[in-house]
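Next up is a structure, given as structure tokens.
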Amino acid sequence: MELTLNHRKEGDRTVLEVGGEVDVYTAPKLREKLVELVGEGHYQIVVDMTKVEFLDSTGLGVLVGGLKRVRSHDGSLSLVCNQERILKIFRITGLTKVFPIHDSLDEALQDTD
Amino acid sequence: MELTLNHRKEGDRTVLEVGGEVDVYTAPKLREKLVELVGEGHYQIVVDMTKVEFLDSTGLGVLVGGLKRVRSHDGSLSLVCNQERILKIFRITGLTKVFPIHDSLDEALQDTD
Amino acid sequence: MRDVELHVPPDVQYVGLVRLVVTAGARQAGMTNERIEDLKIAVSEATTNAIQAHRREQADGPITLQFGSASTDQFHVTILGAGYIPTGVDGSESTAAGERNLGLTLIRGLADVVDFQGPTTKASVHMRFTVGLTPPAANVDSL
Amino acid sequence: MRDVELHVPPDVQYVGLVRLVVTAGARQAGMTNERIEDLKIAVSEATTNAIQAHRREQADGPITLQFGSASTDQFHVTILGAGYIPTGVDGSESTAAGERNLGLTLIRGLADVVDFQGPTTKASVHMRFTVGLTPPAANVDSL
């Protein structure tokens, strides 16, 4: 299962849809994509992880890196995730306190923090 | 993927639907089923392999055993198979000359050999 | 189930294969899908660490995955590779969550029992997972 | 792709795991789905034979699967186990099709190249598969 990445604008937000497996082999592609988006001026990013099938610490690290990057431009990076198995790893690592995590894309887009 | 076995009467024939993987681990279940059917007086058997996902020589051996068994009762055993990857192993082993092989169950049921 | 062993080159492209194999083994041992997800993550972390240790030390040998179940409700898995477990990340202390040690934090949070072996020329991470049950809730809540 | 090695106990329940692992490896090496089906059957046959040889000889050691690709279009796979290849089934002669030697007939018919090693305490079946192409049609037609 490869990693798939697709992004689009939704108002002033940029939604990055991630699908498949994010591990040490595929995470560099996600990192590049985030770097590229921020480089192009996308500072309000919503990462939609609804279709992620596997995520480990390498993927978490890349998301934290993306958050730092947008913050240095006063931007935001929030997550859409409704899968218990993925939420669990954010909880275990304490990253639920670091990322705004939403149940659905609609909720993420309505959030104005 | 486990082996699945279901049988039903269709006129004077007994259709045995086989699904999943038939290998050295699962073939004994298929053998037992054929022995049981013949023991109960089912001598005109159509083995429907449309849903077989894997078949190797152990499975071929069991089918040959079934054929011998019904023949000793003047019965018949024919196959329904439309998957090239499965047909190929019957060709390589020369068993296309041993079994009547049909494209569809309808065709197998109409065959009066 | 007796032990199965997989050796892969120390290259990140094989982490997916390691997950696939341990998943198949755990399923055969009767592990629940939920618990298999935990197992996959923990194994992925330990394998990634071993591969990275090999790279740092330019070690060329394979990474080894061993697993099996001694009893019907215990599944054990060991990841073996070159490398060492540096002091402070030997599993004895609970690291503050953040961006560091995410991998080891996950391993400790997901496995029922973890045993890190090192520093030697070979490092190993040995884990145990209950086949039928979810882990003690404490593992999650205490973090 | 460098070599991957899998060791499983000599028990029929592991033949499915062996197929799963070689399938994942071949897919990673870029093999076509059609050719992967051939590979799965040939590997399943060789593994089954090795397991049965272990049982006959009451050998307890593992069965080993090794695979990798030396070049981008060649995938090689070896199944190693106790046992021997009896005379007459060493791959040199084309057995008349029937109910006997079905397994070896399939291995010979599906792999591009087969090399049986034995009789010794260890028997091996080494096969080669082209990654991108279907096998020479002759393999099928000549039977």
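Per-chain numbering from 1; labels A, B, C and D assigned in written order.
Criterion: a residue touches a chain if its C-beta (ideal position, glycine included) is under 8 Å from a C-beta of that chain, and two chains touch if they have at least 3 such contacts.
None of the values given here were measured: they were computed from a predicted structure.
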* Asked: In the touch network of chains, how many steps separate chain A from chain D on the shortest route?
  -> 2
* **Inter-chain centre distance, chain A versus chain B - centres from mean C-alpha coordinates, in Å** => 51
* **Whole-Å gap between the CA centroids of chain A and chain C** => 25
* Structure fact -> Taking each chain's centre as the mean of its CA atoms, chain B sits from chain C at a distance in Å of 44
* Where chain A touches two or more other chains, by residue -> none
* **chain C, residues touching no fewer than two other chains** => 13, 16
* Asked: What are all the chain pairs that meet the touch criterion?
  -> A-C, B-D, C-D
* Quick one: which bits of chain D touch chain C in the complex? Just the residue numbers, please. => 2-9, 11, 13-14, 16-17, 20-21, 24-25, 28, 62
* To do: Going by the contact rule at the top, pick out the chain D residues touching chain B in the complex.
  => 12-13, 15-16, 19, 34, 37-38, 40-41, 44-45, 48, 51-52, 96-99, 102-103, 105-106, 109-110, 139-140, 143
* For the complex, which residues does chain B have touching chain D? -> 1, 21, 23-25, 54, 56-58, 60-61, 64, 85, 88-89, 91-95, 97
